[in-house]
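In the part that follows, the structures are each spelled out as structure tokens.
In what follows, subunit A forms one complex with subunit B and a second complex with subunit C.
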Partner chain A sequence: MDILIYGTINSMALALMALGFALVYGISRIPNFAHGALYVISGFVTWGFVRALGVNYLLSVFLTMIIIGVVGALIYRFILIRVRGMAISEIIASYAIGLAILEGLRWGGFKGMTYTLPVFVEGSVDIAEIPVDFHRLVVVGIGVAVVAFLWLFTHHTRIGLALRGMAQDERAALMLGIDSDLMAVVAMALGSMLAGLAAILLLPLGNIVVEAGYNVLILAIAVCIVGGLGSWMGAVLAAFLIGFAQILTVTYLGSHYQMVVALLAIIFTLILRPSGLFGQQKELEERV
Partner chain B sequence: MNNEQGRKERLDRGIKVRTDGLYAIMSLRELCYLTVPRLVLIVGLLILPLVMPSMYWQRVISIVCIYAFLALGFDFLAHFVGLVCLGGAFFIGVGGYLAAILNTSFGFPPLVTIPIATLLGGAICTLLLLPCLPLRGVYFAIVTLMYPLVLMRIIEALNILGGTDGIMGVASFANRWIEQYFVILMVLLFLFGLRRLVNLDIGLVFRAVKDNDQAVRASGMNISFYKAIAVFVASALGCLGGACLVHIYMWSGISLFALDFSILPIAATVIGGAGTVVGPVLGCFILVPISELLRAFGTLRIVFYCLILVAFIVFRSEGIMVYGQRKYHQFERWVKI
Partner chain C sequence: MLEATGLMVFYENMLALNNVSISCENNQIVGVFGANSAGKSTLMYTLSGIMEDIKKKEDMAGRERITVLGAIKYLGKDIMGLKPSQRARQGIILCPERRRIFPESTVLENLRIGGYLASPPQKKESLEYVFRIFPALEKIKKRVGGFLSGGEQQMLAIGRALMAQPRLLLLDEPLLGLSPLIQVLLVRSVKEIRDERGVSIIVTEQYARPVLPIVDYAFILENGANTGGAIGQP
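Then we have the complex of A and B:
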């Protein structure tokens, strides 16, 4: 039973981490390796607002989301846009940006156990005799809400439809008057905001540490690859797959193997079925 | 009315045209044109340990050379075979651990363990990467990025090979001059060897695999076989670096799988000039000493580093060596059109 409950929570957390990455890759085909850095930086920005400046928690969450969205948009507009389409340059450039942010934070002294965010709701509740604190329930709730919101957004709003059009066929979208550069900026801003949201939701469960950036990046990549790069619903389903697999290994093998599961999932998925479990098969693009 | 537009015209220098063929040996001037850049590199590398002021900087040269092995391998794989391998740390780790085990458990001296670790490590890496060889582009890049991380976590989790403590007490080189000249000579050997290799027939096949693998397949050649050979060459280079590193530091541990070994050679290749083989070596000789100079800044040096890398990749993606070669071989002028 506790496997079921904690598996669900873990899966939702993974889905939240990965959605931003999946969104950016799905729309602009840029593997945003700075995702982990954006995650960590939004944690610190929120911390700065709440603990250092003493702003109201909800207000600071809101401000953080805006700031991180702008940061993501700027990164795309001024750096990534110039290397778009060159797969390797994209990876190197975005990874270098992420590394610069993370190591800059580390240099700035943001390390150690002193940085924590408050939880939304204190206390815990027993579900089937397993104690679960409210915050974890909030994570699951908001996770579901975000997925639902994304679905509605991409199916029923102008911008969302434009984004989907671009994801499907960029040239056709251009011909229909969709500004692909602008849409890519929007996608990047949205992806960064999702990373920020994930950070704000998940970081209260532990400390804010710079190393989390690397782990989040790996987990996000794992989820996106297992689900199929560029497929959002695939990412959500894959999050459940990996989430439960992780909880199972932690219960039966030991916590050391948690990361090994994610990494092996990446390797085996790529070897056996590079387009992921739920992605469209594009045989000639990905393998010889 | 200012609608005249300029265009930069590039012409080969006459001497370049003359020295392309056998005629290069006709005159001393043309011989010099061909050999001086190469001699500058070779002689420069050979006297470098002698002019270095301190032990510390001599050690830096060895480290530079180890990164140069990785950068050579990366450049070869990425720009001549079309496989972008982000897993330099994987090669370093496999080679390093092999050398350490051979040395501590079997008692072989460094000059025996290094060749064995190079060849055996290359074979192991190739074997492990074999299933990924059909992958292309970003998929291959991601999968190779994950390999060192997996090995690191597995060693950590299973607590094998010394676990997080690593393997201590590995023998060092007989003295520092042997260490320096061994790695420098190896760099030179592989530098010119790779340049030779990519101009052989097999090099042609490699480039064909990069440009149009379907055409290679249609010609009745096995793509995976050629890719495996290329991966073997590159991973053997990396393993050589790893083996040397272990013997220099007299220690082998999971930090051999650190991301530095994957990222720095790529940065060096980007800055030095991709696809020139000599460029990456040059890039290492620029980047590694800079990072040593900036050591006082702690992790801020990685920030500098990344910013330099981003600037290069966004604004000057051709790299120093391509630029230099162009200036050396061609002259440019503006023409009105």
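Then we have the complex of A and C:
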């Protein structure tokens, strides 16, 4: 039973980490290797508002989301736009940005145990005799809400539909008057906001450390590769697959194997089904 | 309405369009006929601005050097160098060769993506119009774009372009690979669109015969050049 409960929570956390990455890749085909750095910055920005400036927690969450969205948009507008379409350069550029941010933070002295965020709701509740704290339930709730919001956004709004059009065929979208650079900026801003949201939700469960940036990046990439790069629903399902696999390893093998699971998942997916669980795009193309 | 003069397009040193001039008046259907590799699609890409985007991407990746020369006047203004999205905003909409349907979206979603530039009332009105001229689409509106037949895809592609509120519709090989029966149906719809929506249309084809009855004026491209052979009066 505890496997079920903690598996679900862990899976939702993974999904939150990965959605931003999946969204940006799905729309602009840019693998945003600065994703982990954006995640960590959001943690420190929120910390700055809450602990250093003493702003109300909800307000600082709101402000952080806006700031990180703008940061993401600026990264695209001034740096990534120049290397768009060249896969290797995209990876190098975005990874360099991520490294610069993370190591810059480390150099600036943001390390140690002093950086923590408050949880949303204190206390815990027993579900089937297993104690679960309220904050983890909030994580699951907001995770579900985010997935639902993304689905509605991409199926029923003008911008969301345009984003999907661009994800499928950029040139056809151009012909219909959809500006691809504008859409990529929007995608990058949304993806960064999702990274920020994940950070705000997940960081209160531990300390804010710079290393989290690298772990989040690897987990996000693992989830996206297993789910099929560019497929958001695939990413959510893959998050559950890896999430439960991780909890099972923790229970039966030991917690230090947790990261190995994600990396093994990448290797096995690439061997068995390189397009991922939901890489249907190729199949469709062959049929037409 | 549209007047392009002296268009030259080079891919590196290969001449794809050689001094091509074309004009299209209000409410006219203009045909462009030519064999494979005559430069029809290049012409369409140049008029709609997609060539600017291709050029930008090639430049950035350091691949082929593309040069575009000449002048394109649309509604009295020079639009050379405008981005494709800006040209689309002014009403130049390209319905591309091989249709380029969004394969993972349903028919209805394809049409709604097409309505990106339209206001909500325009979108509603255009959607009704598309379903009226292509009733076949309404029956399959929940089906995914990738699973449509060629004829259905072409109807969807034209419908999607109509959703973008065109004033000048560029149809690139709309009859490619379709059965004669569907060809006749599509040609009739194209004429209807012109008559009922007041849209000017430039249509390219390899086989002139099915399109000939509806064009007001047509000319022939050969090896990227306007042969001077023309049908009808400009």
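Just so we're on the same page, the second predicted complex is superposed on the first by the 280 of 288 C-alpha atoms of A that agree within 3 Å, B and C clash if a C-alpha of one lies under 4 Å from a C-alpha of the other, contacts with A are read in each partner's own complex, and residues count from 1 in each chain.
The rule we apply is simple: contacts are C-beta pairs under 8 Å (C-beta built on N, C-alpha and C of every residue); 3 or more make two chains touch, one makes a residue touch a chain.
This structure is a prediction, so every number in the text was calculated from the model and none was measured.
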item: Partner chain(s) touched by A:179 [first = subunit B, second = subunit C, both, neither]; value: second
item: Partner chain(s) touched by A:254 [first = subunit B, second = subunit C, both, neither]; value: first
item: Subunit B versus subunit C as contact partner of A:155, first or second or both or neither; value: second
item: Which superposed partner A:164 touches (first subunit B, second subunit C, both, neither); value: second
item: Partner chain(s) touched by A:99 [first = subunit B, second = subunit C, both, neither]; value: first
item: Which of subunit B and subunit C A:264 touches, first, second, both or neither; value: first
item: Touch count on subunit A, higher of subunit B and subunit C; value: B
item: Which superposed partner A:82 touches (first subunit B, second subunit C, both, neither); value: both
item: Intersection of subunit A interface sets (partners subunit B, subunit C); value: 82-83, 285, 287-288
item: Partner subunit A, residues of subunit C touching it in the complex; value: 48, 50, 53, 57, 60-61, 83-85, 88-89, 93-96, 100-105, 109, 112-117, 144, 146-147, 160-161, 163-164
item: Touching residues (chain side subunit B, partner subunit A) in the complex; value: 78, 84, 86, 131-132, 134-139, 141-143, 146-147, 149-150, 153-154, 156-157, 213-214, 217, 223-224, 263, 266-267, 270, 297-300, 302-303, 305-307, 309-310, 313-314, 317
item: Subunit A residues touching subunit B - in the complex, by the definition given at the top; value: 31, 79, 82-83, 87-89, 91-93, 95-97, 99-100, 103-104, 106-107, 218, 221, 225, 254, 256-257, 259-260, 263-264, 266-267, 270-271, 274, 285-288
item: List of subunit A residues in touch with subunit C within their complex; value: 82-86, 155, 158, 161-162, 164-165, 168-169, 171-180, 182, 280-281, 284-285, 287-288
